[in-house]
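Following this message is one structure expressed as structure tokens.
Labels run A, B, C, D and E following the written order; every chain starts at residue 1.
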């Protein structure tokens, strides 16, 4: 079973993107950071009580699924859209939606475009192997527009490079990615993201079919993060919260019942997670929130009771 | 003398059963080997089965009929995202074949020119050709593809600042030539006529190369027929010219006559059919040029890099092929009164070819295989479209990689077979 | 055997002097290979040239059909002076046939094609006619049956005879031979020499570099001895062999004849 | 010269009959090379085999150490019948030495290494001993000084003598020679023949394909004449040369002796 | 025929024509140039009208390429700077050529990839050791080739491996563990850094395989061959055990995962491993292809032609993404190792063809000579045929190596960052985006590739010449 292998190996193998600020990218010292990365750290913390016991595999969109299928990684946490075919025929299970996103367009300001509807005849750069590649064709078709051409590149860097060099008029990807990419451009101010969101892009971690225990574990790490935020358990106060009398908090933190054992861990699994990475809101704010260079509002990604749709299943 | 009639060898007699019998030994070794192979194949199969069913991945080729859903930037046959993966496969395959075929042609041209240049008496030309060969052969092909794509083509101006090329310079030159010889008044009507043709109609920008495109309307078939007729006629003419030369010894300029036919017949047909072919000139509209024929920069970069890289190897092959023909051969031809041209054509090249062909074949194969590197610059060849995008969308790695490998293998085998056949034809007959 | 009518015919219009060399000098770089060579060969004459290795024999006869260029002096072949003019060189080469030590047949062509190549492409002869001519000479050298084989399938002696036939097909007025038998196995030497003798009997003008002294005695009008790029001695064969005048000639003959 | 003690020693235990061929037939594809050959060679005998080219001489002796396989009949060498059995083939090859027309020395090994290779790897002899043995035979063939050179640095005659020494190092009871002198320049033939004569004087059983009739007269017990895959005539040398019986033998001898 | 001479026309030499030279002429200088610079220029530059045109064209070509390049890479180049500002013409106030500070800034990444800075000395040691061991191997005159070769091909890889990865393989299972019915010894613990489970498995596997080898060879080749076969198998295992043991000891170096490797390091690791692994496999395949056993021959041909017929990137794809599907679930292989497997398979096929060329060049007489002195076929191969064949194909092997070196770039398609991949990654750094960054980067990487490949090709040519000479003497 995956969990046993992970334990024997002493680390979680986690597939991430090759460098997408806010989600997963290495800093100058080659330390990985970002929303997707922190999720992997949370898994490691839950298992080993050490968020460092995770090995990151940077993967291009094109390579990510085969890497997971082949067992090179245990979990893929790489802004991957939850689609039916991926969930079924490709042989994966999505453990949750860590970031609700939608596809948008990045263009040069100089073009003076207001709307994606004006993109008739434009050349479009997209990363191959993504849902974006499929959506963009559908968008043009459903709006009765003709795109100039869609040029698909193997990695995000190549795609951005091509956009920047003028090979395309438009770069399309998930809006969060666009925001991140824009930061990497030489003159961020010269580029704008068009208002349209042309698709639903629920991004989340996924695991292979065939190991329900591991699937549960990943899924519940995600729920633990959400529940912690909802219950106000934070990295700072988690030690105090252990003594909380709130029955929801007690169940989450394992002071009441041994829910952790259901996923092959110990009762205090969630404590370890929160201590290591903080709750979902903390992770969000740290990596992509308004205070970061990306500066993305919570929006849909707020908790269900705060106007968003993030909803952690109850620990019970 | 004893009477021994010619007879065939006897059938193998029965042998004593011994472990040092080589026949028996070899069969045992082979059986063991066969068993190992079977076990290997079986265990591969069983592992794959187990792994796939554990993951719940679909298998089989049913996916080929599913909707592909993605766009492809260069399509030789009509294609859009609502067509099937099977169609996308064909589009990719054709793109591979296109770049491989043009690459082979171009590389051969470059290679022959450079190979001959390396043998030139002219030291400047020789040095340049040597530099070309050494540089191109010693840089990885992928490096060269990326160089052309990233460093050269991507620095071209955007569509609005495109470099336009028309016939302007030509007509301008004619005009000034005419005025120079005092016929300036003639220049006026000519320039008027030329103005239409002279506007830029070929554009180069960082989106590639945009060319005027012929649009075939009703009646265009006539031109095609005329072209076919002209081709047939030139063949017949060439054969007739050869016959005549053999019969009477008199040469006939079959090449020029054929060329004239090839131009004149379709032109005449076009006139007769009321000029059914119109030229669609590209126009800058919105983001990009609309109309015309577009050649994407990914293709150009790949083609250039492949042709230039392989050309370096072919140049060396050609050079050594020519050097392999001894000096005595050209001396003999000269002493028979043959001049340099015929000596080269009738004596040197046919002999050089037999040295050149086998290594040339492997260069053609290498070029075809290297065309798969287009994936690094986003050229939608078989590998990118099928083993890339399709594999990603469907996840059926085994089927897709197997088919991809099989396709390349088939191309390789076909090419070697054709070149092998040709090589047999040019091989020397020895005692 | 009477003179070959085809060869005889081609001789008809020729000037009396076949080759005339006056003060011919040639250098390879700094090396002076031919030093003031004067030589007149009349029509129908048969010259044998001998001399030690490196003495310039090959160079001398290769100058005659301009496979090598001379730097000083005049060479007039069949009335045509050899200059840089390409047309004249062509003319001369059409009149002068040559056979090499290593035959230099074209290995990718059949024997017949070897023989018809030049007549068809240089003399613009119809194929049929060229083939008839070729068969005539192949018969003359006694290998008509091999016409459709390739050179690689023939023995050395046969190949050299084909080379002679190939040269004859251009109906040259002069034939040059550069050691035609020295690359052959001993048993094949004779068949080639026989062919050359029969050619001589037909009255062909021949210049022949060879060390086959029997052949020289039997066929040559004159024997020329060269050393260090000069003609040292020249005489009719009997006198040459029986009574050499120059020291070097004596030395050379003593080495070569046993 | 007295018998070589090492060779003599190795002969001690041998059976009386060295080679026995009964009704041996061999085909190359459909081509019948050996036709019903019957031949008995006694220990210590020295046979010379001659005959026109292509008559099957080489094939015959190559069948004896199984470089070629025969298809019909029996070959018994030194008491061992040759069958497909690899072990027997190995045994036979250990008892039978062979020298080829083109020597086939191993060019990447020194002379000494050429000689010690087989004793060390096949007879599992210690290196020192093998080298002593090799030097013994190299002295016998008169080239001990060249022991550390490579074959490419030796003349043809020397190479052939090394080849003989190499074969002797396996202390064979029978030696086969396939035209050992025909690839040599004339001046080297004698040195090799001398070596072979001295070997014969030591009492070695020898089968030798050669056209050196002087050698045959001096050394052979019997001369065999082959044609078209058959043994046509067999006799002791004097009778064979002075009074050949068969038409073909006469013809052949007339061609070969002058 | 004509030796019954028909009399030829009588000799026509009049006594006057008979001639004996009296003076011997001395060597004279030529009246026109037949050598020297003037003739050279005439012959090689301006012999005829087309020659002159060609020369002018050539000079024009040189003129439009070489000076601009020198200007770009040297004269107009920027040599120092901290970021893109240094290379922007607007900021510098002049035309800007190559942006060298970009290369300096990325140099570490190009040489080491993401190899941790504190551990880079290990890479340097490996580089240095490699050079120290390789140079004497390449220089023919130096003695001790055998020891040198053993050090380079035998010891060095192990040392390099331990240094680069940090050793400590932590192997958990061997043959039985992977291919056996269950993971028998998973429970056994660790003693002094050694995994008991692995070594139990190893010893057992060794015993079983040796036993099988003994039995099979006894059946196939007879009783006296069996101990030899068993001994050989055993020694192979002992050697393997030693190597694994050496790689497994924890020498106290921190582990550096292969995915941190990059740049030139990866290029060299792949090229060198590819060539050393492909040599023995290539030889086996080449021998297989010449085997008389139809099955062996057919399998070898299929294997060779298959790998030669498909592009390397499909092979890499296969190794990276499909190999794991075909192996038992328990077996996971490192990403770089997977690429190496692909490269090695591919290179073996090409190597096989090179070696086959050498085998074909060995004359039949050598085989016959060996057989006639009684060498059995295995010894014949080892002692007579292979030494000669391999020596003949050394230039071919070097050429193969050049090809492999160039092919290492393809690993970037399976997301391993070799030199070219690292360079491309460096291009995306917005800190260094300037109009000339790309050209500078390509120029730099190009020079490195060129120096390696050109150097090797010259070496192989020199070798070829020397072998030619050696063959002739």
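Operating definition for what follows: a contact is a pair of C-beta atoms (placed from the backbone, for glycine too) under 8 Å apart; a residue touches a chain by one contact, two chains touch by 3 or more.
The model shown is predicted, which means the values in this text are computed figures rather than measured ones.
Between the contact lists of chain A and chain B, the overlap consists of E. Nearest to the global CA centroid, when each chain is reduced to the mean of its CA atoms, is chain E. With centres computed as the average of Cα coordinates, no chain lies farther from chain B than D. Of the two chain pairs examined here, D-E and B-E, it is B-E that is joined by more C-beta pairs in contact.
Distance from the centre of chain C peaks at A, each centre being the average of the chain's Cα atoms.
Chains compared, chain C against chain D: the Cα-based superposition rotates one onto the other by 160 degrees, nearest 5.
With centres taken as mean Cα positions, chain C sits 49 Å from chain B. Work out the mean CA point of chain C and of chain E, and you get 54 Å between them. Chain A and chain C have Cα centroids separated by 90 Å. Shared interface positions of chain A, i.e. residues touching 2 or more other chains, are given as 66, 69, 154, 158, 161. In chain E, the residues that touch at least two other chains are 222, 321-322, 324-325, 329, 413, 424, 427.
Taken in their complex, chain B has these residues touching chain A: 52, 54-58, 69-73, 80-82, 150, 154-155, 158, 206-207, 285-288, 290, 294, 296-298, 375-378, 380, 384, 388-389, 391-395, 397. Looking at the complex, you find that chain B touches chain C at residues 245-251, 326, 328-329, 331-339, 342, 346-347, 350-351, 354, 426, 428-431. Contact residues on chain A toward chain E in their complex (touch as defined above): 8, 18, 26, 30, 55, 57-60, 63, 66-67, 69-72, 154-155, 157-158, 160-161, 164, 184-186.
Per the touch definition, chain A reaches chain B in the complex via residues 61-62, 65-66, 69, 85, 88-91, 111, 119-123, 128-129, 133-134, 136-138, 141, 147-154, 158, 161-162, 165-167, 169, 208-210. Of all residues in chain E, only 43-45, 47, 51, 54-55, 57-59, 61-62, 216, 219-222, 292-296, 299, 306, 308-314, 317-318, 321-322, 324-329, 402, 405-410, 412-413, 420, 424, 427, 435, 438-439, 442, 445-446, 449-450, 453-454, 457 touch chain B in the complex they form.
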